[in-house]
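There are two complexes below, and they share chain A, which is joined by chain B in the first and by chain C in the second.
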Partner chain A sequence: MGKKVDYRELGLTDKEYQLIVETLGREPNDLELEMYGVMWSEHCSYKNSKPMLKRFPTRGKRVIQGPGENAGIVDIDDGQAVVMKIESHNHPSAIEPYQGAATGVGGIIRDIFTMGARPIALLDSLRFGELKSERVKHLFSGVVSGIADYGNCMGIPTVGGEVYFESCYTDNPLVNAMCVGIVNKKDIVRGKASGVGNPVMIVGALTGRDGIHGASFASEELSEDSEEKRPAVQVGDPFMEKLLLEACLEILKSGCVVGIQDLGAAGLTSASCETASRAGNGIELDVSLVPRREEGMTPREVMLSESQERMLVIVKKGRENEIEEIFRKWDLAAVTIGRVTDDGFLRVKDGDRVVAELPVKSLAEGAPTTVNESKQPAYIKDVQRIQYDQIPVPEDFNEVFLKLLASENICSREWIYRQYDHMVRTNTLVLPGADAAVLRIKGTKKGIALTTDCNGRYCYLNPLEGGRIAVAEAARNLVCVGAEPLAATDCLNFGNPKKPGVYWQFENCIEGMSQACEALNTPVISGNVSFYNESKEKAVYPTPVVGMVGLIRDINKIVTPGFKKEGDLIAVIGENHGGLDGSEYLRVIHGRVAGNPSIDLEKEKAVQKCCLEATKQGILNSAHDVSEGGLLINIAESCIKGGVGARIELDSEGKRWDEVLFGEAQSRIVVSLSEHNCKLLEKISEQVGCKVLIIGKVAGKKLIARVDGSTLVKQDVAEISRKWRERIKCLME
Partner chain B sequence: MKFGVVMFPGSNCDVDCFHVIKEVLKEEVEYIWHKEPLRESKRYDCIILPGGFSYGDYLRPGAIARFSNVMEGIIDFAEKGGLVLGICNGFQVLLEAGLLPGAMKRNKNLRFICDNVFVRVENNTIPFTLKCKKGQVLEIPIAHGDGNYHIDKKTLKEMKENNQIVFRYCDEKGEVSEATNPNGSIDNIAGICNRRGNVLGMMPHPERCSEEILGSADGKLIFDSIMKYLKGE
Partner chain C sequence: MFLAKVYITYKKGVLDPQGSTVKKALGTMGFDTIEDVRVGKYMEIMLEEKEKDVAEQKIKEMCDKVLTNPVIEEYSYDILEVRK
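What follows is the complex of A and B.
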């Protein structure tokens, strides 16, 4: 044996180490200590976040599986269910963008098919620094290629997501991948090691030395030394995963499988102790039986390896042959390495020698949760205070409009999603670039709508309101395409939780999200926490990304954002007030990140009800939610997507003109409809208790916006379309 | 009529082709597993090599798939005049197997491209395009990283003389130009056939646009043409 492992280097505290010794009644050996180190890392144990996560509403009449499993499940009627989860791969992507992003996608796909579901869609929520430096461009380009190559090769369409570019993400980009699957309710499988004596098999790729300590690496801040942790980044092989996917879905159909779990963070250690813990059992396994990619691997390396594309399968005793045969068909290994026991221990053997023996409950769930100190950071007061009389109203609104339209946070994402196969499996009815993606469910009239959302700047300025807005906007995006929001999954990206200011942001975001989830009836069914998104002592904006699924009962009634017909009237559902707080306008035009954004959830609910009902009645020709860039950018996008102009006539009601055009006040949806349907829309709005205001007409080839009788913006749609579409390409190529 | 869709390890548009034949055309269709030799007793009328990443595109797209057990039988089938349609990766396999001339390079911009494009029908006399008009413009998706078709000048000239260029990338009016070439393909070529016209390789995906709800049903013309030919109408 080499030198004794120091628990502190594994990220364990004195208190945690003592607890381990007490639990075992002895000192752990090096391997055992390392296993505790990874399992009790923040990444695996959620020790810093668990108490807060309990705040989320997680129940609902459609919820089949809430948090705690590999992924959440929600009922979509007819015996079918949607399985979904979002997960971060931030730190690996900061060091090795291509592989970091690729393996992030690979991991989340496994979480979905582990539940017995066929993965049918991917979404990606990305954050980078401003697209100025070569380094940021390298990260951005690498991450997009990594996502593309993995998802494309798997034959799973990447249908949506979002990306923001802000300087706080320069050194610590965020890469959150979401996967969605479909399963027949009767075919749902869970990650449980049930049935004492049942064999435990490892299937898929061979085990190598890659990714050792990936989970620990994800649980500390990025630093100058992080580059040296490149070996902690795993390497992905989407072809292997495609075979694994098909083979796993085939064995699940065979009826031989008791439980199945992906080998993700902390590899074999976490998969074995988590499946045993869920079933209240133990597992005994022999590392010498694990098929390896390299010679001379130690038990430690086998137990901690995060080699990708592997699964642990618990099989009905006596049916191992059937599993082996199916894997042989797909040219993959399937080897029995152990069995389920009744003693509640994870016993690791190397041949005949026992090398580790740990109680699974303690290992999987025993990490003591820490209540961190929470304190409102000093910056909040400074940024929320903003004196608008010191911010000049622009003279040339055309110039401001064009600048905003070309902002990295507003312009078209085509350069990105053109690299993703977003059509494979021929279900994608609404392609990327709309408020939400829509996929049909073959064999039914149903569809599902999918989106991810989070404006980190709002969360930075006011974490509570920002959290509420993230949920509200996700749901609003779904109703814009005609879907009823069903459930959410979240990826909580924050800085170092040991810093009271960061923890305060975390608490407040969760509180805000929970309030909105309750108001909009969208329980959280799965999620992931990513702390330590910091470098050089600076944290990223609090970025709680919300992924959401909605149900469309009749796919013939889908609505898209582009204007469809000249002569249609343009209306705003909701109150057309301004709200420059936290706006892209303030950042791009005035260089300010300031203000105090807010949302009224009751009003939001009414607006969403109104829009959803209008889509059900089939009276809307387009719908698009007002977000970054405000009302005029929203209308410009609908013009561009429809290839047609619009005339807008607004009354400022005494407000600033820049606020009227570029304010980002929440709870607004712009729709277009034929004149004879306006009465119907007004009737719906009266019933649900929200306002509707006609503001213009779809007409001509130009976008013309007048406020208080003055023409402020007049632009040729073909011209702005080109600028909007080519912006990222121009920056990147 | 009976269709066969080959499943290589890594195929992923196999399900999409299967769906169109079964649910849209309402014809008989089976998967053909790559490890098994093609059995003549199956009496397929048309065999489709689908898109995807057979063998992970390792080495070169299609380079390993051509050595699959099933390929020998498919080459036989084609030589006897059977209809073989290779889409995207299937096209790449046909090139590697020597059933069609030429080779595929990485896209000119070195990135994967998924988009709706337009192609012009240059040859409407083969079984796959009988129902198209010559010069007709089809709106059809592409999704590939290696669609930059290449062939030497001499062979290209022969192919043109033999009417082997079937589809070329164009704009919505049918104009073929460098601006309408998504991947750098020589002469804007999007699809070619063998001399006899019973083997077609195309990069665009007709199975992705065979239903109106997907935005375009232009791809169905290809499948309808096959049916018309097979039925001898």
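What follows is the complex of A and C.
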């Protein structure tokens, strides 16, 4: 087998190696060691994060499946359920943006249909450096077209997401893809290898040498020679995946299938030992039976290959023919490569020869977890301290407003989502660009609302509060379209967890997210952790992306962000206070990333309750939550989307004018409604215990904002609309 | 004056969905002796250079920097001298 493999090169520590030797009662051979190497990598074992992840609330009366499976499942009544998960593909996308993003989308789609669900929507949460260098533009356009091509070919609409541009993501972009599916509760399937003697089949694409060691690669920091690590790059084939999707849904209906699992990171190794481990069984398989794309592949290459578009299926004994028949119809391979055993071992054979024999429990779940050293990093004190008297209040608010509106983090995302097919399958009711996307559930009055959210800058300034805000804003986005938030999925993107400062951020973000999930009753049902998002010693902002699903009982009552009718009153639900901490205004206008953002979860709850009740009563004509850019940007967006002007009259109550207009204080939703409904809104707000303040009127063709009687901003809506829409296109071309 | 003929294909071991689709199509049409199909790109580039060495060096640089994606593709080329 050539020279002996060094366990350290596989990322295993001395202690871990000792444990392996003790467990086996012997030295592992090279193949066994490599299998341990990938399974015990952070990517597969979550060894640095598991103890922390236990903090998340994961139960609720609607939760059917929490974390630990391919995806989480939440009940939406009438015997139906939503299946969802978000996952990162950061490292592959940094090396090869197009294929990295495409295969990320492919992987998350498989996680959804593995549970028996038909995927109905994709969302993407993206982070890049500032759109200045050619390199960043290349990454950005590559990732966007990778997502677009894969989703479009599969016929699954990409309905929403978010993108931020900050310099900390320059070398290490974040690409998080979320997929959502619908399943009838009775059709749910799980990834278990149960029933001793049942055959194990590999189905879908052929196995090649691609992606060997992808999981270990994802568990390292990016370095200069990362570009040389070429085998880790896989090429996706969406048409193949479309066939696989249809074939899998068909076999799941046939009743022949006991369990099914997608071959993702660590390929056949992880799929076989995880399915066996979940069922408390073992698996024996013969690598010589695995259909291959290339000549001369070794058992090691077959076991570690991360070729895309493949699945492991555990079938009821004697029904292999039915599976083969269905796959033949879809022009795909389906081959029996082994069977379920009762001895708790993963036994890998190459023909008659046993080449690896490992206990599945140890391989799948035995990686020793660690609670790392955690320490508040020094920068926190510096960035949180900010003396506002040293930050000048601008003289020309029009100029500031226009600059802010054209910020990469605020301007329209049309350039991106125009590349996505967001209408395929014709269920999308609210398109990208709103607070949340809405899809109808065909044959019912119901709809589901979807969003992803995370302001990494807030998390950088205060991880605890940032984590709380990420969850709160996701839920608030859902409430704005009239949906009741049900459950969350999260993708935790952080730096190197062995660094005490990074681990401290991680710990605090999770604590904050958990608090908000508890307060807002949105348990976490699935998720993914991506560490080592660092390059040149610099970590990305802590970025715990929250994906959330909400239920709309009557799709006729959906609310969108654009103003609808001249004469409508504009009101703020929540307290109209400012809060410049961590704002886009401070960054763009004053070049500062500073302050200490915060949120009061009790107030947040009341605001969301008020907005949700108002949408149910059908009294709102628009709703849009205040986020990056603050109140005035929020109103400008509603003007642009409605193609109509607004007059705003604010009282500063002694606060700075820039704070009043551009502060990003949480727990605020701007709504518009006809005058005669105002009484109703006030009544609701009294009942739930939050404030409502009328601040202006939908009127004319101009956006006019006055504070304390002075006109600070006066802009033509058509004009600002053009600037806002064309910004990214201008930067890219 | 030189004519460079540049051939770009996926690296060995990288999945070539287009190649496999063509292979499958050929198989169903009855070309049953097909072992493998790889689909790539072919480019012709005319260069106004005097020395072949210089032309070759420039072609290499173009391939590495723009014409190919070094992460998943490989290339080869022929350089021919042509008279105007």
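General remarks:
Basically, the second predicted complex is superposed on the first by the 733 of 733 C-alpha atoms of A that agree within 3 Å, B and C clash if a C-alpha of one lies under 4 Å from a C-alpha of the other, contacts with A are read in each partner's own complex, and residues count from 1 in each chain.
Just so it is clear, contacts are C-beta pairs under 8 Å (C-beta built on N, C-alpha and C of every residue); 3 or more make two chains touch, one makes a residue touch a chain.
Bear in mind the structure is a predicted one, so any value in this text is a computation, not a measurement.
Once chain A of one complex is fitted onto chain A of the other, the partner contacts of A:352 are absent, as it touches neither chain B nor chain C.
In the superposition on chain A, contact of A:331 is made with both chain B and chain C. When the two structures are aligned on the shared chain, A:423 is found in touch with chain B, with no touch to chain C. Once the two complexes are laid over each other on the shared chain, residue contacts for A:14 go to neither chain B nor chain C. In the superposed model, A:149 lies in contact with chain B only, and not with chain C.
In the superposition on chain A, contact is made by A:237 with both chain B and chain C. In the superposed pair of complexes, A:389 makes contact with neither chain B nor chain C. By the document's definition of touching, neither partner reaches A:134: not chain B, not chain C.
For chain A, the partner touching the most residues, choosing from chain B and chain C, is B. On chain A, the surface touched by chain B in one complex and the surface touched by chain C in the other have residues 237, 239-240, 331 in common. Interface of chain B with chain A (complex): residues 9-10, 12-13, 15-16, 19-20, 23, 35, 51-53, 55-58, 109, 111-115, 141, 143, 145, 205, 207-208, 211, 213-215. Touching chain B in their complex are the following residues of chain A: 145, 148-149, 152-155, 237-240, 242-243, 329-331, 417-426, 428-429, 431, 440, 442, 555-556, 733. Here chain A touches chain C in the complex through residues 95-96, 99, 205, 208-210, 227, 230-231, 233-235, 237, 239-240, 293-294, 307-308, 331, going by the rule given at the top. Chain C contributes residues 10-17, 20-21, 24, 69-72 to its touches with chain A in the complex.
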